[in-house]
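Each of the next two complexes has chain A plus one other chain: chain B in the first, chain C in the second.
Up next is the complex of A and B:
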């Protein structure tokens, strides 16, 4: 376990080594939240409620889902693709640790870093600028905490899955980009799932994506009843378990037919 | 116990070939042509604990592929590997604790952070105790002279500095077996010497087994008593470096430079009754006589040539290892 904690620390150091990335990140997220805030106020156009969400809830939803994104989002799929394409994965395989586990920990280190130095100050700034409403109910915070941790795992598992496919396709930057757009759209980051047409909502019930952004944001904005929230977290948990299977399977096959590129 | 035992090891790759032209490119989308190419072709060898073995061969001979199979990165197509008493691929996590690997062309240090942070992580990864680490690594750091580099990020190090740090990183857990894949590639003479000295020292101190691949034969000469030579995936020589030299280095070269115009026919005539092969380097007007290493013969040739022509310079060269190996590859002498 020690080594995994150490990896989180290393990732912190790496994030600190690239401070410019950090500052531009804050800027980009603020612009995004601002843009969605103005878009949604225009869409509401004076109406108080839409599909069960008030304007204030909507603004909070947007702010929280972007801040949660800072935590669950990571680029380990792209990193894995690079490592595999350049043959660096060879060096990882001669270390006595689980490569995928180590990658997950790197993602977690990055996530915790952003949560502390990015989301928290970001949320304070946002709450000063826009009319967002935070709850002080500790149960909601607790459920939200569990929920974003699970969304981190779901998102990271999908990243690992995309990353491993590099072993088979050798260049999968297109797939990585497509995956990112799909997650942003279907996870409810851009549009809450309840705004989708009924048939699409039915389809998405059977997909893991809403567990990434929609569920934690709805929990935080009190868009879910307590029972709904518990069910949603249970659903997230099930996805985390289910996704282990294809990852292990693909990893097993990939290791078998591994070719290290570049000598 | 043998550190490495390899039997009938084979690794095949699929080699894809593209069809020509636009039409061919479209056909490649559907089906691709490929051949099965053996990169390592049924090789067997074993290495004893404490041996230093040079593993040499031309580019693409299968050296790196073998190392990758021995370190458990690649799965062999067929054959048996036992390294440190384990099957590298089956028991990967347990097995890699017992080896150290340096890939000259890839870094195992984290690019953006200080060297000592990488060391710290590796120390945790290999579960090395503080006492053990301090005792062992203090010495390594001192010998490799990397103390002042420890707080610098890897991207700011020169190649030679980085390589010394890589070597130290591979030794954090003091493994009984060390794989070095072209560790001196692109390094200057001083760093090379330092690394060689260091390798010799740990070999003596800890009886570390070292398997070394390199294109620089002076590395092998300085370190290894035994060489394994590979060509097109097959072992073409496995034995002592010395016997290789005795066997194939039994010739001497006499190099002449003349003050007057000399042609090769004249020289051939001059030494007609002796078994001498003359070669000429047109550009530098250098004439080389390749003869057997018999003292009498050498002085006979020299006296004949000196008597017939005015000479500017004479040199007697022994065949170098490099030449022996070039001969073996070119003419397939083994």
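Up next is the complex of A and C:
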């Protein structure tokens, strides 16, 4: 366990060394949030409510989902693809730790760093620029905290899955890009799942994506009742458990037929 | 000039050979490009499931603007793949090699870094334009294709000019900056009618980072929106102006370049 905690710490310190990147990063996210803010106010166009969300709730939704993204987002899939393509994975595999577990911990280290140095200051800046409304209800904050932790795990598991496919495809930059686009849309980052037509919502109920962004953001904006929030978190948790299976299976097969392409 | 043209075609044939090496990945890349275009399209469709007008623009008009935007953007992203210019050429000192080549340094970089598969996005754009255009009952006059070509080239030059200018920052400041991805995000603003933004953003999008000339202004011409006509015909001039400035700055920057690495 110690070595995994150490890995989180090292990643955290590594990110700290390059922190200037994050000041511009906050600006990038603010620009994005700004674009969606103007777009959504134009879409609401005087209407007070849409699908149960007010304009202010919508702005908050956009702001929170982008800032939460900074926490759960990582490039583990790309890192894995690089390590596999360059053959470095051979060295990683003989090290005395679980490769996938270590990658997850690195992602967590990155996530914690971004949460403290990116999401928190970013959210403060954004709340000064746009009409964002925070709740001061500690239960909501608590549920939100659990929810984004689970969304980190779901997103990381999907990244691990994509990363492992490099073992089979050798070069999967296209797949990594496709996965990112799918997650942006189906996770509810670009627009809340409740805006989708009914049949699409039904399909998405059976997919893990809404656990990444839609659920935590809806909890934060009070778009969910307490009961709905509890159910949603339970659903997220189930996905975390279920996704372990395909990862372990693919990982097992991948190790069997591993070809080192260089080294 | 003829020499430059023959260089261009030689690079293209080399390029084809390398790309077909990983055929499966090329296919997936096409697919993922198509999907990212589809995502924006779906976004518009879903939003208009809940409202009928966006600041006076209807669904098909917004889709048309998006379709138009895809065409100059495809041309730009095929040839101006310079978002990692700083890391690739300045930090690693690759520019030394570029400068020993007999053709203009910017042109050499364009040739080396082109990604022709992005042109397919232009095709998607055309399909989207024809789809929404026919729903709107737009008529195509004989000079429209010519104007379309002029606007596409103008828009691509606006994009190219802005991004070359940003790449030039590396000649003066060698620290790594994240301005490039920031610009990509700002450029997304040009896909929607600029009148939904406040006046400051509108001014910036028209005169400082003129991304509105890549999407909404020229598209407004084909949609028959007369109130925008003074902006519409500025498109090619803005493109030429920004691109000329960027080449001028680039040449100054190359003179300043001292080299790094070995």
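Note that in this section the second predicted complex is superposed on the first by the 260 of 263 C-alpha atoms of A that agree within 3 Å, B and C clash if a C-alpha of one lies under 4 Å from a C-alpha of the other, contacts with A are read in each partner's own complex, and residues count from 1 in each chain.
The rule we apply is simple: contacts are C-beta pairs under 8 Å (C-beta built on N, C-alpha and C of every residue); 3 or more make two chains touch, one makes a residue touch a chain.
None of these values were measured; they are calculated from a predicted model.
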item: Partners on chain A (chain B, chain C) - clash or fit; value: fit
item: Which of chain B and chain C A:249 touches, first, second, both or neither; value: neither
item: Which superposed partner A:203 touches (first chain B, second chain C, both, neither); value: neither
item: Touched partner set for A:238, first chain B, second chain C, both or neither; value: neither
item: Of chain B and chain C, the chain that contacts the larger number of chain A residues; value: C
item: Touching partner for A:129 - first (chain B), second (chain C), both, neither; value: neither
item: Touched partner set for A:120, first chain B, second chain C, both or neither; value: neither
item: Touching partner for A:230 - first (chain B), second (chain C), both, neither; value: neither
item: Partner chain(s) touched by A:32 [first = chain B, second = chain C, both, neither]; value: second
item: First, second, both or neither for A:191, with chain B first and chain C second; value: second
item: Which of chain B and chain C A:91 touches, first, second, both or neither; value: first
item: Overlay on chain A, chain C to chain B nearest C-alpha distance, Å; value: 7
item: Chain B/chain C common contact set on chain A; value: none
item: Residues of chain C that touch chain A when the two form their complex; value: 22, 24-32, 35-36, 39, 42-43, 46-47, 49-51, 53-55, 175-179, 181-182, 185-186, 188-189, 192, 196-198, 201
item: Chain C-facing residues of chain A, complex; value: 20-21, 24-25, 27-28, 31-32, 34-35, 38-39, 41-45, 47, 50-51, 169-175, 177-178, 181-182, 184-185, 190-191, 195-197
item: Complex contact set, residues of chain A against chain B; value: 2-3, 6-7, 10, 13-14, 17-18, 87-88, 90-91, 93-98, 255-260, 262-263
item: Chain B residues within the chain A interface of the complex; value: 13, 64, 68, 71-75, 92-94, 96-97, 99, 101, 103, 105-108, 110, 112-114, 117-118, 120-121, 124-127, 153
